[in-house]
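Right, one structure below, let's go through it.
Letters A, B, C, D, E and F mark the chains as written, and numbering starts fresh at 1 in each.
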């Protein structure tokens, strides 16, 4: 695969990570059950404080079982949200990453299509609601 | 509730809808099992062609059972995508509407919090991946 | 109309404008053929350098006849672009302002609907192209 | 041209399309008067329901003459909206595609420059209006 | 001030906060040197896990002195980034909040104008770079 | 470096610039103290009116010393705003360009990390504030 985007900083090589960074790299591989550290984390490692903040947040929210937290959402739903947001923002790295995660969970091409179809539908209706400045409905109370 | 946004067109009153528009209004209420036509649809009714296109798309994708289509996603997951996209775009009307739909499906405050926490996490990582111009991972092939 | 957004700075009153700001206020009213200075310009007047830069850019691009410039686009098409961008960004002030400008030029509710329908369609397809990471077509050369 | 984005699904080859998908592919080529199926449509074909929804919406709004619909906007204005939205969202595939469409309609480099200049101007003013939280003007009524 | 947006969940009252939430509320007031808990935090408190994650991240990055961390940026620069991002996203709550923070730090109307002018300029150039699909410069190496 | 984006217009070569365009190219190199004209400006030169408007705005706001204007912000803070906006919009050309400018000013990898960490944090909180529709705080008056 040709690459035309060059990260603006030099990612930290796994073999050169030490201390806290090495610990987090190991935790990422163990928690995500993968045998390499994805580029985003190697880039964030250039700023260890930020690496730890983002990893703690992502581990807590996306891998609740790893910290014995009970989540209201299942693993697939969590990745679906990630993909819908990434498609909406047009973030290429993120779309690739979350599509791969969904496929790894057994997501079919058809299911992927449903997610993107629905995400794109609401990008359409968002533009309509904002473009017409539609007033919120005064909804009947929900019990 | 005070309103400060005034739709830029006059929404069509349900009592004044005729022909195709009246049919779609009835279909919206029947399909969504509600007893009023939300403001977005009353605004779109000022352009009946667009009303039909958006309703057909939304009915097909969000209410597949109404057309005997089999969807790969359940109703709650579909609304979760809608909310994640709307929060990402900052569309107030849409956030209100999809939060109400999730609550109607029995969604708890805690589950709502998980959806917004995850959507906001990926707005953070999207900005990091784009801000560092992170190169896509060359992923091992998935079977 | 109820207001719930309060500009974060105090807009400059027309009666209190002096010097360069007063000149630009007068030019805005003359060029746009209106008898008041819209709030955006009164807010920008708190920073006269920025007021002049934005007004010069907007006058050159949106009111080319005022500086005897020949534009490739007509006045309505120019406002259509403004509305499409504002709907996409969900900017309430801007949507109100450009809808009013189009109506002043005689734009019908139906034509307004076409603009928003098309703008929303491409917000949908943008999310699809980005969400699937569609490769650009290698197009046959255009003469 | 080097490519570095790889669609996250395998696009459907024209020669392998059958049934409804083959019909839509033929309709796309006939309606757009082109001799190939652009990648977006080949990708959407992995989800035929979505392919039909998007094509129906796009054909109705962008090729009204093909269904004997009368549009309030001409073909060039419609493509201008598409480009303005795509530039605002930063969607590379879409910018390429709609720039090509405008050039095919005879659009000059100068006219293209006007569209992008105006689209970019309103991205600037949108950020100003939102950044200062400018209150909507209470506009004099339009007759 | 009139309000037209109603949080989609009931914010937690300070007087009703207990345990971890009460501790974080106290820490927010102490760290920010304010005598009330802003609405965003009272809303996040409906999901204590998320409250803690966001507060930890924000405290670490925006109040480094509170944890004896040495930041490369001063407090004003940090708030400037917050405002520039919020204006770009059109987030009303956030614009209000970060404008207030800058004013509290002694920021003048003129300096506020510079920030918004520059943020809006780059929203303009972003749309141009994306709208023309400008190729990255091959920059001479920096030592 | 491989390139996969091809500007949609042919950039003007420095050696072929004449008149006003040549003057602006010279001013860009002199003002920015660089020995080449970046691609964005060579692309904008296909529309000289727009080239002049954008350059005048950028020179006034980003290089105030060149016109003996007194700015409330220093050069580094100005580039930080540019990068934060570009990361938020996901504009690759702009991220590359402003990262290079910050490095040229002596910005460290650590400081770059702080900027992106803070920009990404507020993309997260923006999504939370909008996703919960948080009501603005009624702030105590600031003196």
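Following the convention adopted for this analysis, a residue touches a chain if its C-beta (ideal position, glycine included) is under 8 Å from a C-beta of that chain, and two chains touch if they have at least 3 such contacts.
A quick note: this is a predicted structure, and the numbers were derived from the prediction, not measured.
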**Message:** By that same contact rule, can you tell me which chains touch chain C and chain E alike?
**Reply:** A, B, D, F
**Asked** What are the chains that chain C and chain F both touch?
**Response** A, B, D, E
**Message:** Among D-E, C-F or B-E, where does the C-E interface recur, judging by over half of the contact pairs matching in residue number?
**Reply:** B-E
**Asked** If you average the Cα atoms of chain D and of chain F to get two centres, how far apart are those centres in Å?
**Response** 27
**Asked** Can you list the chain C residues in contact with two or more other chains?
**Response** 1-6, 8-9, 44, 49-50, 53-54, 57, 61, 86, 88-92, 95-96, 110, 114, 116-117, 119-121, 123-126, 128, 130, 132-133, 136
**Prompt:** Based on which chains are in contact, what kind of graph results: line, ring, star, complete or other?
**Reply:** complete
**Prompt:** Any idea which chain B residues touch chain F in the complex?
**Reply:** 83, 86-88, 90-92, 95-96, 116-117, 119-121, 123-128, 130-133
**Request:** Going by the contact rule at the top, pick out the chain D residues touching chain F in the complex.
**Result:** 1-5, 90, 92, 95-96, 99, 109-110, 112-114, 116-117, 120
**Item:** Touch list for chain A against partner chain F, complex
**Value:** 2-6, 8-9, 44, 46-47, 49-50, 53-54, 89-91
**Message:** Can you tell me which positions in chain F touch chain C when the two form their complex?
**Reply:** 4, 49-50, 53, 56-57, 60-61, 69
**Prompt:** For chain A, which residues are in contact with chain B within the complex?
**Reply:** 1, 3, 5-9, 36, 38-40, 43-44, 54, 57-58, 61-62, 71-73, 77-78, 80-82, 84-86, 88-89, 91-94, 96-98, 100, 103-104, 108, 110-111, 114-115, 117-119, 121-126, 128-130, 132-139, 142
